[in-house]
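Chain naming follows the written order as A, B, C and D, and within any one chain the residues start at number 1.
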Amino acid sequence: MTEAELRQIVLDTLGDIAPEADLAALPPGKDLREELDIDSMDFLNFVIALHEKLGVDIPESDYPQLVTLDGAVAYLRNKLGI
Amino acid sequence: MTPVRITYRECCRQAIREAILTDPRVFLMGEDVGRYGGCYAVTKGLLEELGEDRIRDTPLSESAFVGAGIGAAMAGMRPIVEIMTCNFSLLALDQILNNAATIPHMSGGQFAVPLVIRMATGAGRQLAAQHSHSLEGWYAHIPGIKVLAPATLEDARHMLKAALADPNPVLIFEHMVLYNMEGELDPTIEAVDIASAKVRRRGQDITLVTYGGSLFKTLDAAAALAQDGIEAEVIDLRSLRPLDVATVVASVAKTRRVVIVDEGWKSGSISAEIGMRIVEEAFFELDAPIGRVCSAEVPMPYAAHLEQAALPQPATIAAAARSLVGPA
Amino acid sequence: MTKVHLDHAHNLHLLKEMIRIRRFEEKCFELYQAQKIRGFLHLYDGEEAVSVGIMQALAPQDAVVATYREHGQAIARGIPMTALMAEMYGRREGCCRGRGGSMHIFDRERRFYGGNAIVGGGLPLAVGVALGDRMQERGSLTACFFGEGAVDEGEFHESLNLANLWRLPVLFACENNLYAMGMRLERAEAEPDIHKKAECYRIPSEVVDGMDVVAVEAAARRAVDSIRAGNGPYFLECRTYRFRAHSMFDAQLYRPKDEIEEWKRKGPIVRFQGWLSENALLHADELERIEVEVAAEVDAAVAFAESGTPEPVEELERFVLMDAVPA
Amino acid sequence: MSAFVMPSLGADMEAGTLVEWLKRPGDRVERGDVVAVVDTQKGAIEIEIFEAGVLDRILVQPGEKVPVGTAMATLRSNGAAQEPEPAPPQPPPEAPPEPERPPPEPPPEVPPPEVPPEITPPPEQPPVEVPEPEAKGGVRVRISPAARRRAAALSLDLARLRGTGPEGAVTLADIEAAAVARVSAPPSGRAPGVGFDPAAMRRAIAAAMARSKREIPHYYLTQTVDLRRALTWLEAANRDRPPTERLLPAALFVKATARALRKVPELNGFWEKDAFRPGAGIHIGWAIALRGGGLIAPAIHDADRKSLAELMAALRDLVQRARTGGLKSSELTDPTITVTSLGERGAETVIGIIYPPQVAIVGFGRIVEHPWAVDGALAVRPVVSLSLAADHRASDGHRGGLLLAEIERLLQKPEAL
């Protein structure tokens, strides 16, 4: 899996949670929760979706690394070793 | 056991004869059932064999002899009363409703009315309005009685036995067009129940619910539909009260479409009741409106072409089914 | 004893009317076997004197209520054979557009209030027509025909009681032909003497030889005079016999063949025609002319029916509800 | 030469068996003479001939059963010479094999009536189970019940579906096809916000809130609650749970409120016709903010008896279905009290407006770090502002206070929730 494919999976997952959001315009470094009006329930669903799609375990303590698009992609690349 | 070739009329006769020979409490009463041999020749020869005491010709007094049948049943007999046709039963409706159907309940269970009333029913022989009614649906409205509509030879042969064994008044409607029907009686069937419907033809595209004389028109319609690749499931109700709704609902849940075929007039008919039961119990299974094919709401005309136009026909049944199945 | 005015013309009229009915019924019997007439068919052979006799005493404004064995009453009342035959062919040109058939003949113009296929069903109607006529002071009466089988129906009791209670102008004409379908009189009646039943309701009643057209006419005139004088209903028991089966499909297991032959020998036509000839009141050519005229009338009726047209199916539901009461 | 045929003696007589000839070939016959005897189901019946003439040849022998209309003998009309012996008569038409079923009286060719048999229109009563799938602009979608239920289950927007059923109605097959089409749709083909019509929802919220303010005499209480024990327990509990089973503070809030209501039942129920009607159970209405606007508070049934894991699953399910229009109307109508929480990005304190005909609403603000006196010393603690708005017709401030105190007490022992 390439980084671009991984980024697309993250974007798709965010799209399921915030269907009406314009993901193309999402600044990759900004806090997702602010940009996409995501609450704790949405964020939990985001983590669950990544866990199910990619088979990675994401402990609660790692949540802060996933709050931006770039952060999430980097974290997952590291986890998946790609 | 080689199957026996027999007519629906002969099945009825054998059932009556067997009942009288096996149970001293059973006797037959009705207009011209003895010397004349029965208006439809069902009881021909029984008077000579079983005698005047057990095969009783009555004067033309329907209210009196039906009421007498109720009284004899309450006194311990197991009478079979023949009303020549359901058209004449209107003269005995008060006895059937206010006595036979009501006394067991009204007496607090002190009296049962183990009575069987047989009637010919239906149209199709140009007997005009007063002799062509189909009133099974009316009687199926009444709590306290059971209403049967034997269509097959096996049911004509064995329903009477079960009806006589039942402690309640049981009305058996024999569609007059069926008397001449001939076929092979299944020898393996010794007895039948009188409460459940039967699937006479399997299918998964649409359910056709019917009873009595309309069964064979409905089977013809199903055959026609099969040519268009539409497999119809045909259900023979056999009993109109109690109604075996479960069998109907199970089929509708599979096919999701249903047409009810009923020779009665549509308004307040048994088909109306069946349709309502389906809506109450299988509303979410439906994928199309419930269809009905009934007689036109007119007094049955004598002229052949008008009578045939008024009655349900295989063509109209198949058309109703096609309109619900939509483009294959 | 009211006397029947027996002039030559009247004799021929009585004879011809009976022969008209007989030949019509014979043609119906033939046409049924050829599947031209269907359903139930109850023929009147042997009872002609009752209808013809009674109809002589009725006036045009009087009403008639009959039963399913009604061809005799219909023809004697003047309903054309053409309309009757077309009705049995199920044609629109029939007296009821082909909807009634043999058992349900109606004719508004001749106040023929129909045949009724439910035994006893006509009696309450007749009482009602008489009540309506009396309340509208029409000065007319209603002749109600029924068989002896009807006396066992509850409606017989209810109708006779009501008719005399309100002194209604009803002529109860019982055609006692000894058989209610397969039930011989004695096997059905605790009291086989039918006319006695009318006494329970204090209705004047008579027994009359239903095979003697003159006797029937005389009795009918006595009855009509009494009714028109305001004495209320009158009961006539006409003892007669039907030569044919109850209906077309009847092996007549319930009566011996010689009994039928015996009654045929003293049938209404044979007797009256014989009496006229013996008393030189009928010439051979007159009888010949009657037979030729009747045969032509019957053949014309058949031709009319054969050329009839079926009522369009689109009219099936017409008259289920009426738009208005016919004037 | 004419034929003497088997006559029809009754409406339902199809055939007859010749029993006996009463005349022999060469006999003279007159109209009305009885020439034979035929047996039927009714018994033996004498048969008349309607033509005068001389009986010519017999075609049917006694004992033979032949259908009505079959020629049984030939008749020479008067004076005609005996016909030369014609070819042997072909056997009377083979009696049609007795059909299994009654040979339907051959009805004259009756064209099916032009008027199609009237199919009674489907009953128009609205579905009970699933909220009205009004298409935009309020036009009712013609859809079969089975199709509607399936659409709800698949969270399909009905408005854009074209039906292939009677008069264009949407059928089950149409739903199945649409569902398949959606799954295979390219990712970008995102289904827009689904379910509720925002305008209709806004109208409904406005009406309810206005009525609440108009009719209900609210009293308000707030309390600040220390959450250190609760959050510490939560962190430990989530450490060894997979994401799908992890708990959020909301689960603790719902459970604590539900258990507390057992002690103060007069806050759990409805105010109807000037009287309090207690709830048949403790059904917590959990306020969910919908993306793109709108608020809905579906019920978590018997919240006091559910485990934290069950509550969490219920919360996730409600949020997911609320946002896709898959809620049952019964879930919207039977909460016995409402709990609202604005979450991490809400205000510190939220004080709600009661949702009629309920009699109370509990609010949880944002969890924040506050200075907190512990045994006389200053410490920093994560706290939450807990509020209650209650209907003064049904309860008094004192009872409201007891509820908040009980919630606080329960939150100090999260492991017991």
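Quick note on the criterion: a residue touches a chain if its C-beta (ideal position, glycine included) is under 8 Å from a C-beta of that chain, and two chains touch if they have at least 3 such contacts.
Just so it is clear, the structure is predicted and the values come from calculations on it, not from any experiment.
Counting C-beta pairs in contact across C-D and across A-D gives the higher total for A-D.
Distance from each chain's C-alpha mean to the overall C-alpha mean is smallest for B.
The distance from the centre of subunit A to the centre of subunit C, each centre being the mean of the chain's C-alpha atoms, comes to 100 Å. Subunit C and subunit D have centres, each the mean of its CA atoms, that are 63 Å apart. A straight line joining the Cα centres of subunit A and subunit B is 70 Å long.
Rounded to whole angstrom units, the spacing between the C-alpha centres of subunit A and subunit D is 39.
Within subunit D, contacts with two or more other chains are made by residues 11-12, 42-43, 110, 113. Contact of a single residue of subunit B with at least two other chains is seen at positions 37, 125-127, 304-305, 309. Going by the touch rule set out above, the chain pairs that meet are A-D, B-C, B-D, C-D. By the touch criterion stated above, subunit C contacts subunit B in their complex at residues 38-40, 87, 90-91, 97-101, 103-104, 116-121, 149-150, 152-154, 180-184, 187-189, 250-251, 253-254, 310-311, 313, 316-317, 320. On the side of subunit A, the complex with subunit D involves touching residues 8, 12, 15, 18-20, 33-34, 37, 39-41, 44-45, 47-48, 51-52, 57-60. On the subunit D side of its complex with subunit B, the touching residues are 11-12, 14, 41-43, 98-102, 104-105, 107-108, 110, 112-113, 116-117, 119-123, 129, 144-149, 164-166, 169, 171-173. Subunit B meets subunit C in the complex at residues 31-32, 34-37, 39, 57-64, 87-88, 90-91, 125-131, 296-299, 301-306, 309-310.
Touching subunit A in their complex are the following residues of subunit D: 187, 190-194, 235, 238-239, 242-244, 246, 248-250, 289, 291-292, 315-316, 319-320, 343-345.
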